[in-house]
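So that you can tell them apart, the chains are marked A, B, C, D, E and F in the order they are listed, and the count of residues begins at 1 in each.
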Amino acid sequence: MAGDPFFQPVSGLDLPRFAGVPTFMRLPYVDFDHPRFKDVTIGLVGAPWDGGTTNRPGPRHGPRQLRDLSTMIRAKNGVTWVAPFELQNCADLGDVSPNPADLMDSLARMEAFYDRLRVAGVRPLTGGGDHLCTLPILRGLAKGRKLGLVQFDSHTDLNDCYFGTGKYTHGTPFRRAMEEGLIDPARYVLVGIRGTAYGRDDWDYAAEQGIRIIGIEEFHKRGVDDVMAEVREIIGGGETYVTYDIDFVDPTFAPGTGTPEVGGPNSWQALQVARALRGANVVGADLVEVSPPFDQTGNTAWLAVNLMFEMLCVMAER
Amino acid sequence: MAGDPFFQPVSGLDLPRFAGVPTFMRLPYVDFDHPRFKDVTIGLVGAPWDGGTTNRPGPRHGPRQLRDLSTMIRAKNGVTWVAPFELQNCADLGDVSPNPADLMDSLARMEAFYDRLRVAGVRPLTGGGDHLCTLPILRGLAKGRKLGLVQFDSHTDLNDCYFGTGKYTHGTPFRRAMEEGLIDPARYVLVGIRGTAYGRDDWDYAAEQGIRIIGIEEFHKRGVDDVMAEVREIIGGGETYVTYDIDFVDPTFAPGTGTPEVGGPNSWQALQVARALRGANVVGADLVEVSPPFDQTGNTAWLAVNLMFEMLCVMAER
Amino acid sequence: MAGDPFFQPVSGLDLPRFAGVPTFMRLPYVDFDHPRFKDVTIGLVGAPWDGGTTNRPGPRHGPRQLRDLSTMIRAKNGVTWVAPFELQNCADLGDVSPNPADLMDSLARMEAFYDRLRVAGVRPLTGGGDHLCTLPILRGLAKGRKLGLVQFDSHTDLNDCYFGTGKYTHGTPFRRAMEEGLIDPARYVLVGIRGTAYGRDDWDYAAEQGIRIIGIEEFHKRGVDDVMAEVREIIGGGETYVTYDIDFVDPTFAPGTGTPEVGGPNSWQALQVARALRGANVVGADLVEVSPPFDQTGNTAWLAVNLMFEMLCVMAER
Amino acid sequence: MAGDPFFQPVSGLDLPRFAGVPTFMRLPYVDFDHPRFKDVTIGLVGAPWDGGTTNRPGPRHGPRQLRDLSTMIRAKNGVTWVAPFELQNCADLGDVSPNPADLMDSLARMEAFYDRLRVAGVRPLTGGGDHLCTLPILRGLAKGRKLGLVQFDSHTDLNDCYFGTGKYTHGTPFRRAMEEGLIDPARYVLVGIRGTAYGRDDWDYAAEQGIRIIGIEEFHKRGVDDVMAEVREIIGGGETYVTYDIDFVDPTFAPGTGTPEVGGPNSWQALQVARALRGANVVGADLVEVSPPFDQTGNTAWLAVNLMFEMLCVMAER
Amino acid sequence: MAGDPFFQPVSGLDLPRFAGVPTFMRLPYVDFDHPRFKDVTIGLVGAPWDGGTTNRPGPRHGPRQLRDLSTMIRAKNGVTWVAPFELQNCADLGDVSPNPADLMDSLARMEAFYDRLRVAGVRPLTGGGDHLCTLPILRGLAKGRKLGLVQFDSHTDLNDCYFGTGKYTHGTPFRRAMEEGLIDPARYVLVGIRGTAYGRDDWDYAAEQGIRIIGIEEFHKRGVDDVMAEVREIIGGGETYVTYDIDFVDPTFAPGTGTPEVGGPNSWQALQVARALRGANVVGADLVEVSPPFDQTGNTAWLAVNLMFEMLCVMAER
Amino acid sequence: MAGDPFFQPVSGLDLPRFAGVPTFMRLPYVDFDHPRFKDVTIGLVGAPWDGGTTNRPGPRHGPRQLRDLSTMIRAKNGVTWVAPFELQNCADLGDVSPNPADLMDSLARMEAFYDRLRVAGVRPLTGGGDHLCTLPILRGLAKGRKLGLVQFDSHTDLNDCYFGTGKYTHGTPFRRAMEEGLIDPARYVLVGIRGTAYGRDDWDYAAEQGIRIIGIEEFHKRGVDDVMAEVREIIGGGETYVTYDIDFVDPTFAPGTGTPEVGGPNSWQALQVARALRGANVVGADLVEVSPPFDQTGNTAWLAVNLMFEMLCVMAER
């Protein structure tokens, strides 16, 4: 087996999967001060914050449940046989520390954390947290370049404002990111959008900006292969960020989330769309909106960490 | 925006969706004595009764949970962009009051309630309650005309009798309705029937009467589009009632029900069949058999209110 | 039976308790614009906000679950036989509208709501919401007078700051209220404090200010009767506010809360302490920190609405 | 060890407690046609019926869950060391068959079943079912004699009528039993009554008839020993039936029930009151109102079968 | 109706499905000593043992939950209209007794039980238990002949060893069975394999031995009809055992299991693969790895007993 | 603040309690190879093993859930104000690695782990695991000396054998420990024993050996203070091990366990008995039998970690 021995996960054939302090995918825990931090190439990060949530809170508890369930992940992809831990030095970098009592301070703390990763040359794979977390991540990673963006989601999160003053909520991050020039609209595509709507403002905004939205009816009609071929064409070979909102998946498969919309993709399709990014130039990715209070069984988190693993395999092959 | 301002739902952009006394879809509560009752064109009604249940009870608690979850419904259909609250004056008419200790009295109370709606020109969209509720609704609405009937269900509910004396159970309503001349058998179609069976009496009865049953194997083989084309042909342009038993849907997607049958349609198909009724002449509809004690998470009810919304959109365009 | 017929709750002997749109204790819903608002003497209010929560969120969903369970409350107190709805005009005033994306705006909205009630002469009984809600309530009600305060709680909530910038959290409301002169320290008593501690700063602050804390060990040793005799002596006959954090109760009896501390009073003691306030001059009361995501069964809320009913009986007899 | 070998429960030291088809307390299943039926002295019976329930249904599922959990009961009482299976020939007699669609037919079926037991000289220990089940049991057992009655409960169940026509509900059985002369009011005592009330009619009726009610406040003040001494004095040495509504116990200890009332006895007290009947002349007993849909964990049923075992020990020593 | 009256299940039209001591599919309970044992042709057996479980335990509780839910099974297959109880004498044979404290003793006890069935000419349909149970079943049934094997599963269970000494775990039964000559590799096919992997040893072993593995990607691409045509071809007309691990199904449809792998077949496909075995020469079958602690709702068990019924229909037609 | 800065827990005022990789009480993770291991004086250890469980398994998952909930523990005892992390160098030593497929190998691995701690002068506080774990712990710690033993439990665990061959189960550890000379019977006391019984063999054995059992009836009659005075007298000043089975507590307060017995102590009493050991010479302690599958809410684990904290405070003051 190839790969740096230090950066290998603990095998369930040696230590049972229910044993041990749970880190992401049983990887070594390496914080900024750790002697091996300089060798990390992909960092798994928890973002335990849901300050942008407008309805049912809970994603602040996501990283812990994701880590717990991720101990059932093994070393190789059973479909593509990619072995990410042999290709890259992966580590659990711990959690970025939020301030639950101060939204703006939380945004600043998170941006600083990811800025540091960018500088260190570590590509992050984040477990959220709500979708507002993606804004400071993009701020930290973009820094003067416009990134391509693939967004798997049931909502556009391109809204402007809630409750009169709410410019920063989990329904607005990509409107802000667009305004701040973090995203290249020509290389920005959303997949899976559905649910009842207040209006069409977000769709109109996307159309004006040249952003491509693939709604759920189109998704179901065309199928995964056709849709993802278009997605890969849109993002091309440029630097791209992937944001995966768990509510992209049908809520029966992922009930542990705050704003579920029925009629979404099933679990196999959920895996396929991530796997289909193979070959893309992914500079970072996240899986957000897992809300443990709405699924204490861990079933949602189990699907979510499998999706994280699929994205990790894509990132590892770059 | 068109539509009478009084009959608009409260927006989640103004008042968070978890706030406020929960009415159906955040519509105004308008009872028979309310000054605006005369202007209502579509009434959302709760039928909190499960006196016909032969196995696992609970649908009496359905309306309250449906109202609770319905506060996450927004104003427009994200696929068809129909905006029902702009097209019709919709209101929550409250619950029809049952008598849990007296089956025949409950049937009489419900018939009287729907009779009153028919006289007032209000088309009802009901949240049940078990499937026996549909019998008094049909009695109240039919009054001398035979209605077309679309029944989404996993059981025919065309049986004759249970336990020796049970002529009125949730397994018999449409046998009774047929005997009472409330339904036109030539315009009566059932979709999704499945599960193990005591015998074939109900299928034989349907065949004799000229009622069309589309069983689950046929459904899966032909697909939604083909099946629903036939359904629309069967009901034609005549006055039609739509009854949607939540156990039509696969129980994984809708576990909160009393007599689940595995192997049913998924959530997207569940939405599609309702949406495919577009253009039909629907005089009333119901969604029954949601049983909160068997799904306290509200996930079943959340799917159910989305199905109610799809039926509302169909009714609104008439 | 005495009492204004308009302000009577719906009886479960007439309409089953599972039926009907759920208002607090099945009382009429009366908002500020309602013609009978001017006649209300005690208003039941929902405060669906948890913006001050530092650990496990959820109390924003409290009012809806409290209303749901409160439909099992009947008309008379089974121990004291007080009949609050005969003594006072009670109504459900709906929810105060928070801004989940803006902490300071939420505080302002809530203060304005309660200020309006004070001006209208309505005494409020509030269902929270987290404990930070009590700060704007006190601001609205105090207005130039220092109120007595009885706090049933497992935490002092007298801390100064969290995470460096957090002056307004559910761990700090009474420190702020003290600083703002809303509370008379000589007439302020806390009961039930327990759990592990970061330090003793809050106890030291209380001692300096002359605030009386009755910790859990003292509570269990002395018993309810003795403890509550002292409480009544402390508050005397002056205007007093009562704030009841559900985490006062042992978490086995009330698991649906965010910061549970084991070893607390049982349900009978929980009722007794509220009942023992009989005769006090209560200008308002609240029951906070019920978090439905942590108890979807509704058992916590059921205990909580019984506690609200006990406080209502005390308020009604004034 | 004494006792007929045929009537001994399967030991958990031989067959693990999770194994085997679950009968009550792992006793042999003996129906009316079984050759050993004639030797049974105490019969454990399931009464899976909740047709009298006015609010939250479910006790029809009680017997199955009670049997499941009862497989953790062992052979001897750990406090009194009574060994009931050595003293009596105990067997599981199966379930009395109800008619869920016909209240009056169900009452008739149940009365006939218990009448047959009385004739055969079998004393029944029943697992319900809602509290209306006790009426046909008393009809079957009393037959011309007035029985003493000990009722552990949070409600009197002495009401007259619900919803205008409901003479037979789980809130009325003992009013009917009194009217039918099945109970001797001078030997009838209720313990644990509490909760909010519609009015005082039931208490007034009890007072008129000479029935003794020991309310919850009196219970908590006097303690189990004192209260039960009075209970034993009231029933004396005459033939007595014991009916134990699980909602007697505080709902935290027994959440799986339909009409919980907070502030009740804890589990130790719940055991003590049953054990304190030692020496009474008990002709039959029941444990009712366990509702599995409201506690799928089985914890309520586990307490309930322990209470059944305590009553069985009392019955066994007669 | 054909069929021996003694071996017919109790109808839910006579005795409600929630009533009665729960045997498999409401069949008569017939142990080895029962006078009708000699007439049984298909025996339903519980194997309450999970001693081979390497991660999350619980299947020892499977048989009881399977029996409970199986009471909702009726007499006829709603798709094929096969009526198994008319074609064969089916009975519940009870549970094989394991020794939870001794793995080797448990294996011996189980082998002896199935050996006895083989000698008596009873074909077994077993509800597990974990997948290690299938090893002693095969030992009992094979006896000198190599059986064909159809394995529906998400894991190959062809591994060699765990934790250094673990030759007998639920991940190794078919490696052992191969070594012991119980299976004909040319007539052995696995369907549905997926999930992350430690390595490729098990796939390599299968390839060397000539065992056919149809992985999940192939399954989804080809569809059920095509895949099952190949399966039937592989097993041909020879004696074949069918082992169905519930984790073959996507865990959203069957969450109650210990080692779930996302992205599997849905419930309709799960039924189809079993039904597609029609015509095969099935000498025995099992459904394993249902773990009630991970799904107390019973939904997983409900799907599982439907799968058992489909396999029973296939066995009945032989 | 006193105490080595390295060995201080992370404060919830700095990093929210839901953030960070969860170690026991947020202490540093220090394994045998860590440079600071030599400075540890009290080690918190997880023992994720339940190979001795005879009924409902699950405690193997205990350590992870205990660590998760332990992040809500703060730095000081709110009753005694003991600050254990200032008095001792405490660290999370990780989990002892079991072999789920080999009982005897697991016992050997655990004994070796604790032997190493004894040699290093680290006193262990263990979170189980089932009660059989205590046997190898005692083997590792005793080494030639007979320890005093305080056992809080509902069962004696002094049985000899299960299922014919089961000498090593969670019902037999202290019989084995007695036979191996690890315990001084004169300094061995059990508190809280209750529940139904197979027989009196274990009580008889204890009496013969001079072991003191304080059953539950005696416990409830005498009260905690009196009982614990006797306990302290029995153990005196000699080296003593404390084993706390969570099923000592009433199962309503601690439902997450495999063999619950109703009628036990409440949560306050559960804390008191641990606290009352103050001054004892405790060489090690454990908290066992927390079974997450039977309480996914974490409420049981939350009580359990509070009990661990109380024992830690006692150990810290030595």
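As a working rule, a contact is a pair of C-beta atoms (placed from the backbone, for glycine too) under 8 Å apart; a residue touches a chain by one contact, two chains touch by 3 or more.
Which chain is which protein? Per UniProt: A, B, C, D, E, F = Agmatinase.
Source: prediction; values computed, not measured.
Participant: Which chains lie in contact with each of subunit C and subunit E?
Facilitator: Chains that touch both subunit C and subunit E, as defined above, are A, B, D, F.
Participant: From subunit A, count the fewest steps through touching chains until subunit D is reached.
Facilitator: 2
Participant: Check the residue numbers that subunit C and subunit F use where they touch, and answer same if over half are used by both copies, otherwise different.
Facilitator: Mostly different residues: under half of the interface numbers shared.
Participant: Match interface A-E to one of B-C, A-F or A-B, accepting only the pair for which over half of the contact pairs are the same residue numbers.
Facilitator: Most of the contact pairs in A-E are shared with A-B.
Participant: Indicate the whole-number Å distance between the mean C-alpha point of subunit B and the mean C-alpha point of subunit D.
Facilitator: Distance between chain centres: 40 Å.
Participant: Which whole number of Å gives the spacing of the CA centres of subunit B and subunit F?
Facilitator: The answer is 55 Å.
Participant: Which residue numbers or ranges of subunit C touch two or more of the other chains?
Facilitator: 14, 16, 18, 54-56, 60-61, 100, 162-163, 252, 266, 294, 297
Participant: Quick one: which chain pairs are touching?
Facilitator: A-B, A-C, A-E, A-F, B-C, B-D, B-E, C-D, C-F, D-E, D-F, E-F
Participant: Name, in rising order, each residue of subunit A that touches subunit F in their complex.
Facilitator: Listed in rising order, the residues of subunit A that touch subunit F are 14-16, 18-23, 29, 46, 48, 60-61, 63-64, 67-68, 92, 94-95, 97-98, 100, 296-297.
Participant: Show me the residue ranges of subunit E that touch subunit B in the complex, using the header's touch definition.
Facilitator: 11-14, 16-18, 72-79, 81, 252-253, 266-268, 270-271, 297, 299, 302-303, 306, 309
Participant: In their shared complex, at which residues does subunit C touch subunit A?
Facilitator: Counting only subunit C, the residues touching subunit A are 50, 52-58, 60-61, 99-103, 105, 162-166, 168-169, 293-294.
Participant: For subunit E, which residues are in contact with subunit A within the complex?
Facilitator: 54-56, 162-163, 193-200, 215-217, 220, 250-252, 255, 259-260, 262-264, 266, 294
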